[in-house]
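Notes for the one structure printed next.
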């Protein structure tokens, strides 16, 4: 298999079959460069090694890139794998295997930049490799560092490609390459036009590369493919800076320049006749400087007028690096169209993100919608139930290493654990406080800090890993702009599931009927044979149990720490209050509003997430003013005011 | 939250005496070493390790015969991750417990809280954590990295070795990332990177919703330039960030990330298999291969437990403590002023090889290491510079470029080289 | 007789249920009026509307000589304008003494600053005593009102209304849970009160209404079914249907 | 019949007497008086505790008397600290900067001075620009005014919005908590101009008083705190003694009824909410120069919840209860976290109080809420009831 590979490479590359030579001497010539490679200089070395045409080159480059090359103290290189204190070595030329103590060897660790160059050099060997992964690596490498020279081998490899997906990818890449590097203008324009609906980052990169411009300034507009003539007055100071840089104008004095000049020209406590004491006024400083300039001892002060005059007498322009105006014109059109597509896609992506955030808020708050919304109990320990759920997930993963199985064990177990915790808390604490709702806040806050500290004592303050199974690990990628991770989709589905489940329980089951009866009129309910104690206990347990499941989900996408609950508690209460208490649909509406609102504000001010959160809370506070009962409000006497 | 712990803590300083195996010569009183690290609250996880490291170092020193013929005694207090409480406890250590030196603090804000107290009472503090610089106190020795010992070399590595042309500076919204990013922005502009090619974003502590930000970073690649992320994201927030990065399928080959606050400990909260190849810059990694390091790790595991890992601030304490011992021995006293004079020029071997030197600006000269994350959660060191002298005032911000710190000859931590005057003798809090 | 309160064409519905349907009632000055009707007839909602607790969907509520619209005022403004209300359940401030309860209700300026800086109105004590005499609680002035009997609490609440010196008194089931003698005294208090002001009593108990000996309005399904003397309305066939069931 | 409010409530006199005796004793034993019984750091702790008692009283008035469980009063406390802190930082820095610029050859321009101060203060967050919010920081009187007016205005606007739309009970608590969270998130932002997470520091150095030792300064602040606590106590006691107090308590017990008595309940609530916010802010303005540093973490919602807990433990609806609660919880907390509480070795497990104290505290909240709704102050009732029975 390996020899077949070599033969293939030799055929393709057209290197004449020279007599077997050894690689080691070539490597020794460049020993220092290989041992301590730097991206800027190693390219030549790699090229030389590759150009030797030896069959061992591919293996060497691959092993080098994977940090499997070790250098003996005498300078010889080996392919080696470490096992404890010893190394199992393979001679690169003879393939003879030996072992040796590790201490005599030094591992070569080429950095990421060098590895990328190695990968580029490997492309020519790998593009036609029978091994699919090698071909994929080669294509990925082209995508990362597109070069003109790769166009022809890439094109040549398309017809023979058997893998459908890879073939499509090769065609796409070839298209990108021909847009930039094809020799015929016609070919390039055709390729460019085909990119006008492509929202991928790579396609946009191609267009942007073609449209690279440089700015310049001159007395008159120069010849060439000019992109635009600029107005210098948009940013006059930096425009003048450009003038100075092109040596077309004298530099403008800064405040500290003036200061230095003045300090150097003090004569008997005076500067050009101005007393030193007056120099605390910036205007007087300028006057003194001008006076000095009038004596010809310093350059003239560049005033605003002088600056503007200089700006107006020059042309500021932007010029394309690409000389062919036809191509840049086509690319501009394509880019504009692509940008429109991207804007639409970005909007869709933002909507997805908002939807995801809303579903996370909903999941965190839905338990509260029951305990707070339906029962009217303020449970400050709700966040800690979320945390308990997450830690349950972590503990389950300790015992069940298979992530898929462990998730399916963890979800019901988290529900059971927090359901139980909820029931215990209801029996011991909440039950005694139904007539003092404000005080449930205090008591459950006490439970909350106790639980948080307990978690710290048991698990430590450090974050614990909760890893999602492989099938949840990636992202659903529609295109380069619109994508969403599977775990978020799972959370979204989970949220929907719970919505339906709770609506079903409350509306269609006996328990739901009894819950509604108890919350509306406990006295009447108990006279009808419903045991309110049992109902309250079950309801509270249900709300807490759902918090536990939310904990597993949140832990999967974010983190598991003892303080994770407190991140969600205020948000969750706001979600329920904004949505309208006593109504699960309201919680959904509240979560949607907060999720979309927060993403919307983030979009307006993308560099500051904190501000988005702040303004979202302010918005919620204001919103409550106008709809004190929330989005989905109960009216009339049932509202109970 | 400071509030719940303000009363009566004077009587409550926990005094922990470290027993010595060697019977020490007659000595008026043991020499007291204050340890000011949070043992509870959010910083406990990081700082407790440093407290243990200090106890180990003191025990080792006592085994060697103590200092100046006296036994060393650790005075451990708990400022509970509560910044005002740091000032309160520092005052207690210096006035009530009469300690000769303090080793402590982690966060910048806690250091700023302690500074006025230390300066008022002329104490001596060794600060072991990488920080944002722009500060120089007569009473503090900074044994952690200044920005030019961590951020600048890492950025150089990005520019030179990875060929990064477009930078995303992502950070948690507090002083260290803010200042570091300011310095880096200015540095990158000096290096010819256009302002449009630098994307800066700040997120709150504990941020968990990273989807949009990661998407923003990916879209930076749309003009075909190589994108790199410089992360000053702090603590737990890293977990969500790396998870989202992995979910989006971004490998270190596509968009490399270099982090300044991610060490072995932060990675333990994650499945690192999808993060292989991303980077971190420190002055020390546990994986550094040297005899001194092997010994240190062995001693640490014997003292604290087999499962414990070592990290960069521990090395800083290791160097700082030993330098202090040597300086006090040279000075023949633990008097703060005498020890300070003796500190300048102190040399001590690094755990990563080479030697650290204490400079007149109270910073160390140390090598900078860049490591790639491996699947097992350790770092593979792929780059190590020679010793870089720490710089209190960065050269890349105009306001501090003119400032210089030299306590040895100029006797000033904030010396303006343009006007040749000392701006102030106390530090800016 | 001048009209003090005019409710005309008022309707209100909760979630589709019409609690009040095109209701029109007029109350004159110094009039004693009883409003009766079966459960859900809208008696309490009528009071809610007059006192500003509930805003009607349509209709007018006009008050006094100046024909002010009560719909534009909030609860406390309406109370200050001279409408006092007693709830079904006795609601006195149980943790405060009878004296404090009455003092609070006395007609005085009611802004926070008035209360803080004009503490000792000289006639306060006399006015408190006058009210307490009226309701027969003078001996209990320094007791916590929570310690009073049920009937006494009802009287205290009426007393607090009287202390406000309102022009219209709305009283919701004052005799509920009272013994026969207590009822008698309550009737006395109300009849006496009605000499100087309008009093509207909502009541279930026909005996009690009979003793009040006043004009009666019968409500049914949110509107007026009949009006007149008790004897007159009890002979009305509609009223008999409603009360005795169809 | 009308007696002065003090005669009605003799506990005020007892409180003032106790406070005075305590102040005198602390003064005599302080370092400034040459004794070493009360160290300067302990003196600072005592002074700070007095400020905490003051804010606890304010909390008691708004919650225990008026029934508004505000989870935002510690935010007002923090605002006071920020307001005074801005002046302290500005003025101290200005002295340093002007002193250093005097060495320049040219006399500095006003711009140069401003930029130099800005660099000193905001260099920490990588800026030298003065944000608008610092516009009055050069003036002590204006910042002192801000101590009262800023939280006052915030409470007024927030309260007006909330009370106007009849948000009550639990909802109001959640809303105030949201306000507190918004405020602390706002302050956490560096863009706010209040130095983000770092906050304002070095506040214990009072400009113009560099020559005065911290021992003396701390004593002065202790006196000021004691005076403020005494004055605050008397003020609230006076306010709550008469008919006003009667209405306030009536609002707590039955808001609707008070409304039908013709009182505009919203105005009363707003009055109480705003006044207590201002007092809380004054307490904060005294507290933070003693603590030396203020930062957004101080304002986080949890601090306000703790404040409510002190009051609950001390006993709601009695001013001295708030004081007892504040002192008791901070004292216990300090003792347990300070390391002087002995660890308990159970043989198989070592109970360290630094780890277990919070659990104990949490369970105490639960216990007090469930079994002693009157708090520690309720014990006084038991004693006086017992005495009455004896007689």
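Residue numbering begins at 1 within each chain, and the chains themselves are lettered A, B, C and D in the order written.
Convention: a residue touches a chain if its C-beta (ideal position, glycine included) is under 8 Å from a C-beta of that chain, and two chains touch if they have at least 3 such contacts.
None of these values were measured; they are calculated from a predicted model.
**Q** Weigh B-D against A-B on C-beta contact pairs and write down the one with more.
**A** B-D
**Q** With centres defined as the mean of C-alpha atoms, identify the chain lying farthest from subunit D.
**A** Taking each chain's C-alpha mean as its centre, the farthest from subunit D is C.
**Q** Centroid from C-alpha atoms only, then distance subunit B to subunit D, rounded to Å. What do you get?
**A** 34
**Q** Whole-Å distance, subunit B centre to subunit C centre, using C-alpha means?
**A** 74
**Q** In angstrom, rounded to a whole number, how far apart do the mean CA points of subunit A and subunit B lie?
**A** Centres of subunit A and subunit B (C-alpha means) sit 27 Å apart.
**Q** On a C-alpha centroid basis, what's the spacing between subunit A and subunit C, in Å?
**A** From the centre of subunit A to the centre of subunit C is 67 Å.
**Q** Any chance you could list the residues of subunit D touching two or more other chains?
**A** 105, 185, 188-189, 302, 355, 361
**Q** Can you tell me which residues of subunit A touch two or more of the remaining chains?
**A** Counting only residues that touch two or more other chains, subunit A contributes 608, 610, 613.
**Q** Tell me, which residues of subunit C touch at least two other chains?
**A** Touching at least two other chains: none.
**Q** Mind listing the subunit A positions that touch subunit B in their complex?
**A** Spelled out, the residues of subunit A in touch with subunit B are 38-40, 67, 109-116, 140, 144, 201, 204-206, 208-209, 349-350, 353, 356-357, 360, 460-465, 467, 473-475, 477, 480-481, 483-488, 554, 557-561, 563, 567, 599, 602, 606-610, 613.
**Q** Contact residues on subunit D for subunit B in the complex?
**A** Where subunit D meets subunit B, its residues are 39-42, 44-46, 48-49, 52, 93, 96-97, 99-100, 103-105, 119-121, 123-126, 128, 185, 188-190, 195-199, 201-202, 204-205, 214, 291-295, 297-298, 300, 302-303, 306-307, 327, 329-331, 333-335, 337-340, 354-355, 361.
**Q** For subunit D, which residues are in contact with subunit C within the complex?
**A** Those residues of subunit D that touch subunit C are 1-2, 239, 242-244, 246-247, 249-250, 253-254, 256-257, 259-265, 267-268, 271.
**Q** For subunit B, which residues count as touching subunit A in their complex?
**A** 42, 44-45, 157, 160-163, 173, 200-204, 206-209, 211-213, 215-216, 218-219, 221-225, 236, 239-240, 243-244, 246-249, 252-254, 256, 265-266, 268-271, 274, 277, 279, 372, 380-383
**Q** Please give the residue numbers of subunit C that touch subunit D in the complex, ascending.
**A** Residues of subunit C touching subunit D: 51, 53, 74-77, 79-80, 84-85, 87, 91, 93-96, 100, 103-105, 110-112, 115-116, 119-120, 125, 160, 164.
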